[in-house]
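Let me begin by handing over the structure; questions about it come next.
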Amino acid sequence: MQIGIVGLGKMGGNMRERLRRAGHTVVGYDRNPELSDVGSLVDLVDKLEAPRHVWVMVPAGPATHTVIDQLASLLRHDDIVVDGGNSRWTDDERHARELAARGIGFVDAGVSGGVWGLQNGYALMVGGDPEHVDRLRPIFEALKPEGPYGFVHAGRVGAGHFAKMVHNGIEYAMMQAYAEGWELLENVESVDNVREVFRSWQQGTVIRSWLLDLAVDALDEDEHLERLRGYAEDSGEGRWTVEAALDHAVPLPAITASLFARFSSRQEDSPQMKMVAALRKQFGGHTVESAKEK
Amino acid sequence: MQIGIVGLGKMGGNMRERLRRAGHTVVGYDRNPELSDVGSLVDLVDKLEAPRHVWVMVPAGPATHTVIDQLASLLRHDDIVVDGGNSRWTDDERHARELAARGIGFVDAGVSGGVWGLQNGYALMVGGDPEHVDRLRPIFEALKPEGPYGFVHAGRVGAGHFAKMVHNGIEYAMMQAYAEGWELLENVESVDNVREVFRSWQQGTVIRSWLLDLAVDALDEDEHLERLRGYAEDSGEGRWTVEAALDHAVPLPAITASLFARFSSRQEDSPQMKMVAALRKQFGGHTVESAKEK
Amino acid sequence: MQIGIVGLGKMGGNMRERLRRAGHTVVGYDRNPELSDVGSLVDLVDKLEAPRHVWVMVPAGPATHTVIDQLASLLRHDDIVVDGGNSRWTDDERHARELAARGIGFVDAGVSGGVWGLQNGYALMVGGDPEHVDRLRPIFEALKPEGPYGFVHAGRVGAGHFAKMVHNGIEYAMMQAYAEGWELLENVESVDNVREVFRSWQQGTVIRSWLLDLAVDALDEDEHLERLRGYAEDSGEGRWTVEAALDHAVPLPAITASLFARFSSRQEDSPQMKMVAALRKQFGGHTVESAKEK
Amino acid sequence: MQIGIVGLGKMGGNMRERLRRAGHTVVGYDRNPELSDVGSLVDLVDKLEAPRHVWVMVPAGPATHTVIDQLASLLRHDDIVVDGGNSRWTDDERHARELAARGIGFVDAGVSGGVWGLQNGYALMVGGDPEHVDRLRPIFEALKPEGPYGFVHAGRVGAGHFAKMVHNGIEYAMMQAYAEGWELLENVESVDNVREVFRSWQQGTVIRSWLLDLAVDALDEDEHLERLRGYAEDSGEGRWTVEAALDHAVPLPAITASLFARFSSRQEDSPQMKMVAALRKQFGGHTVESAKEK
C-alpha cells in the first residue's frame, strides 16, 4: 500500500527502505533535500492517494507538534496520521483530538529496534481506534520482525507510546543490573576474568538476554571499558516512566534508581555530596576534601 | 570418567542423570535410601578409583560443612572435592584450606539451570586451581549446555560461587525491572492488554530475554496473576551480593532496591511505616489508620 | 492592618486567631456559616478598605483556582492576593499572570506549623515581587514564630511554595530515616528498650530534632506502635518534589525511596511482587504462596 | 570515683578533662607520651585501686582488640572494661566472653558528641549487665549532658554499640535528606536565596534539627559550598547498619541510598556507568563520551 513518511533520519530512512523491500510505495519527506523524495510536505500529501496515511518520524516535542499541525491542515477526512516518534503519551491525546476535529485519524506507535531494525524488523507498540490500526496493518506487518512477536495493539490512543515508554524504563533497570554486577565482579580479587564470566552467562542461565549479548560484545571491544567515560544520557522516557508512576502511586525503586544513577553520572561534582561533606565537617571535624585538592 | 555425587535432590539427581547420559560413571549418595546408589558416604568413597572426584550438592551452610568435613577424613591425597551447592564464597576458602591440609583439592562451582538443566544443560561458573579444574573438565563438559557458552573458569577458589552470586543479584534486579513495568502498565487505563504488550516484546526489542519469555508464560497461565500473592523469598545470594558490595564500597542501588522489595513483601504490616504514620499523627493531626480498622 | 482570609479550616481559623491576637483586623470567609465572619466572598471584599489584601487558605487545586478566579473579578488594581495553601508551584505562575492582567498582585506563601502554629507561630516561605511582599510584612511578622527564624522571602512568584514543597520532601526522608532505625532496633534481641534509646537521643546526639521529640511522644503513647497500621498517605508535595527533581536531573534517592515506601504501604498486596513470585515459580519451581493461602 | 582511660586522642582527651572537672580521678594512657599520664598500660593498672574501671577509647578493630587482650591479662576478677570506641557490636560479644573467662566485666558504650562533647556532654548508649552498668553510673553521669536525656542502658552486651550504629545510620539519611533538598533548591531559578530558606527553617518547621543548624552554619561560611568537593567518607557504621538490616530482613531504602551516594561520591569515574554507556552505544548507536574527551 501507499504511505508517506516525514523524517528520514536513521530510523525513518531505514523504515522507508524496509517498507519498500516489502513492496510498499513510500513517499518520504525530510528537510534535508539529499534524503527527501519530495520538495515539501505539500508535495508529499499531493503524491498520496486518498485515503492517505502519513507516518511522522521526527523528534518528539516541538518538531512533532509542528508536523502534526501542518498535516492537520493539509490532510482530509478519513486520512490517518501515525506518530512513530518517541512522543510522550500525554501528547498523543492532544494530537488525536486536534486531528479528529477535522475527521483525520491518529495512531501512536512506539518503535524499538535501533540500528538493527532495517534487517531484523522493528518492534511496534501501537495505540488507537481498532479501525485505524486495522487500515495500517500491512505497514505494521512489513515493519515488524518475522514471527509471532514484535507487534501489539496495546489499547486506545496513547497506549502505544505508553508501552514503549515502560519498555525503556525496564531497559534502564536491566542495564543498571548488569552494570552493577559487572562493577562488583571487577572489584573482587578472586575473579580474574570478568569478561569470560559474562560470556559464559549467555547460555543456560536465568539472566541470558539480548542486552547481555551486547555487554559481551562491548567487553570484547574493550575488556575493562577503559576507553569510555562513566557517563550516560537519558532520553526522557525514563523520566516519563517515573512521572507516570508518581501519578498512579506505583513504587518503581529499581527503575528510578537506574535513572538517578544516570543523573549522577553527568555531574562533574555532586552538589548534594558537598552538603554532606559540609555537615560532616561541622559536626565531627572530619577531614573533607576541598575543591582545590581535587 | 568416574565421579561421586553427594546429595541427589532435584538438582543432584538430574545432574547424575545428565552425566550418565554422557557416558560417565556416577556413584550417587543421598540420605534418602530410595534415591541413593550406595548405603553410606564411606561406600561411595570405596566405590571410586583413585584419584577420586566427589561433587557435593547439598544445601549451603551446615549440611555442606558436615559433608566436606566427612570427605576430608575419607578422601586421600590428590582426590578433589567440588562444592556445587549455593555456598557463600567465603566458605570456599575455609573448605579449600581444610582439604588442602590433607592434600585434597577443592573446586567451587556455581550452578544455574533449575528444572531445565537436565535437558538443556547447566551453566557452570567454577573457581579453583587450573590443575584441579582441568581434571574435572570432562564432567563440566557433560553438564554444561552445548555450544560455546555456559562454562567459565572464573578465577581462584571462591570465584565460582562469587560469580554465581552476582548472577543471582543481577537476576533480582531484572525480575524487579519487569515487575515494576508490569505493575505500571496494569495501572494505566489506556493500555487494555498488558499480557499482549509483554508478548510483543519477545522479539525486536532491547529487553527481550529468557526471563521475559517466562513472564509471558506466567501471564498465559494467569493473566493478572490473581492466583498468586505478592510475596517473594530471597535465597541468601542477594544479601551476600549486597554484603560483598559493602565490603568493596560499590554502590548497588537497583539490586539492593530489589532485595528490599522482597523483604517488604514478606511483612504483614510494616513496622517502619507505623512509625511514619505515628509521626504524621503527632505533627499534623493527620488521620491514620488504627490496627483495628484494618 | 486589615486582611481578609478565605478558608477557615484548622489552619485558616487558627491563623485568623493569631492575627487578631496581634492586633490585626481580620475578615474571614468560609463556606461554613458557623465559621464565617461574612455571608459571601463579595461581602468580604466589601468590608476591606483598598488597597485590599486577601489570604486564600483553601485546598490546593480546583478549590484554590475557583477562589482566585472569583477574587480576580472582585478585587481591583493594587490589591494583593496571597495563596497560603499547599498549591503546586507551577500553579502560582498561572495565578500571578491571571491577577496581574487586572493589576492585582500575587504572593505565594508556603506555611508550616500544623496544630502548634497558633501558639508557636507558622514558618513562612514566600515568593513574589519585593513590593508586594513588603506590603504584607506586618501580617507575616504576626504569623511567624518569634525570633530571627521562620520567615523567608525565597524569591519570585512560586519560590515560596517551591521551598515549602522541598521542606516536605526533606521531611519525608527524615521521617523515613527514624522509621528505618526504629524498625531495625525493634528487631534486634540485644536491645531491650528501643523507646529509651530514642529518648536518650534527644540530647547530645547528631540526630536530635523536633521530629525525634515527636517520635518519643508517639512511643510514650504506644511503645511498640501496636495500635497503628503501617500505612501512610502522601500529601502530593512529595511527588511534586520528585517531579521537580526529574525536571532538573537532580538525583533524590533518599526522598524518592521514602515516597515509594508510602506508596507500598498502601497496597493490600503488591502487584509487582506477584510478578516476581510468578517468575520465581516459572524458573525455579520455587514454592510461592497462592492468594488463597493468605 | 577512679577510672583509667586508654587512648587520649580528641575524644579520649576531652573525656578525661570532662571527668576531672566533675571531680573524678582519671589516669590516662596514650602511646603518645605527651598526652599520657603514665608510661605504660601496666602503670595505668597499677595506679588504680581495685576494683578497677578502664575505659578504652582507641580506634575500632585491631587497636581495640589489642588493648582489650592486654587488659585481660593485667586486670583482675571484678574489674570492668568499658569499650567506648566505635566497635562493631559483634566484637562486643567476643570481648565480653574473653574478659568474663577471667571474671572481668565488660560494658560497651556508644558515644556521640564530637567536638562539642567536652562542653555539652556526650550522649551515651551502653550495653552490659545491670550490675556493671550501675557501678559505672557516676562516670556516665559526669560524661552525659545535663538533663533527662543523653544516656540509655540499651540492653545487654552489644546493645550500646548497636544503638550508636543505628544512630549513625539515621544520621546518614538525615544528612542526605537535607543535601538532596539543598541541591534541588540550588537548581531552581525562582528561588534566589537558598541559604536564607534553610535559615528560615530553623524555627516553626517540621524539619528543624541540630543538623539543620549546622547546615546553616556551613552555608554562612561558604554560601554555595564552592570550597568543598562532593566527596564523603563513611566511617563503617553505615555499612554495619545495612549488614544488620540484611541479617534481619529489614528494608532500609533511605539509609542504604545515603550510603551508596557516599560510595559514588568517592569514585573518579563510575565503572557501572561505563557499562551503561557501553550498552547504549551497542544497541542504539548513542553518542557516548570517551575517556579521552573528559
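Think of it as A, B, C and D in the order they're written, each chain with its own count starting at 1.
The rule is short, and it goes like this: a contact is a pair of C-beta atoms (placed from the backbone, for glycine too) under 8 Å apart; a residue touches a chain by one contact, two chains touch by 3 or more.
No experiment lies behind these values; they were computed from the predicted model shown.
Enquirer: Can you check which chain pair, C-D or B-C, has more C-beta pairs in contact?
Expert: Pair with the higher count of C-beta contacts: C-D.
Enquirer: Which chain lies the greatest distance away from chain A when centres are computed from Cα atoms alone?
Expert: The most distant chain relative to chain A turns out to be D.
Enquirer: For chain B and chain D, let me know how many angstrom lie between their CA-based centres, rounded off.
Expert: 37
Enquirer: Centroid of chain C to centroid of chain D, CA atoms only: how many Å?
Expert: Distance between chain centres: 33 Å.
Enquirer: Please work out the Cα centroid separation of chain B and chain C, and write it as a whole number of Å.
Expert: The separation of the two C-alpha centroids amounts to 46 Å.
Enquirer: For chain A, give me the residues that contact two or more of the other chains.
Expert: Correct list: 114, 176, 178, 180, 183, 206, 211, 250-253, 257, 260-261, 264, 272, 283.
Enquirer: Which chain B residues qualify as touching chain A in the complex?
Expert: 89, 112-114, 117, 120-125, 127, 144-145, 147-159, 162-163, 166-174, 176-178, 180-181, 183-185, 187-188, 190-193, 196-197, 199-212, 241, 244-245, 248, 250-255, 257-258, 260-261
Enquirer: Under the definition above, what is the set of chain C residues touching chain A in their complex?
Expert: These residues of chain C touch chain A: 206, 234, 239, 242-243, 246, 249-253, 256-257, 259-261, 263-264, 266, 272, 283.
Enquirer: Which residues, counting only chain C, touch chain B once they are in their complex?
Expert: 10, 114-115, 175-176, 178-180, 182-183, 186, 211, 214-215, 217-219, 222, 225-233, 253, 257, 261-262, 264-265, 267, 269-286, 288-294
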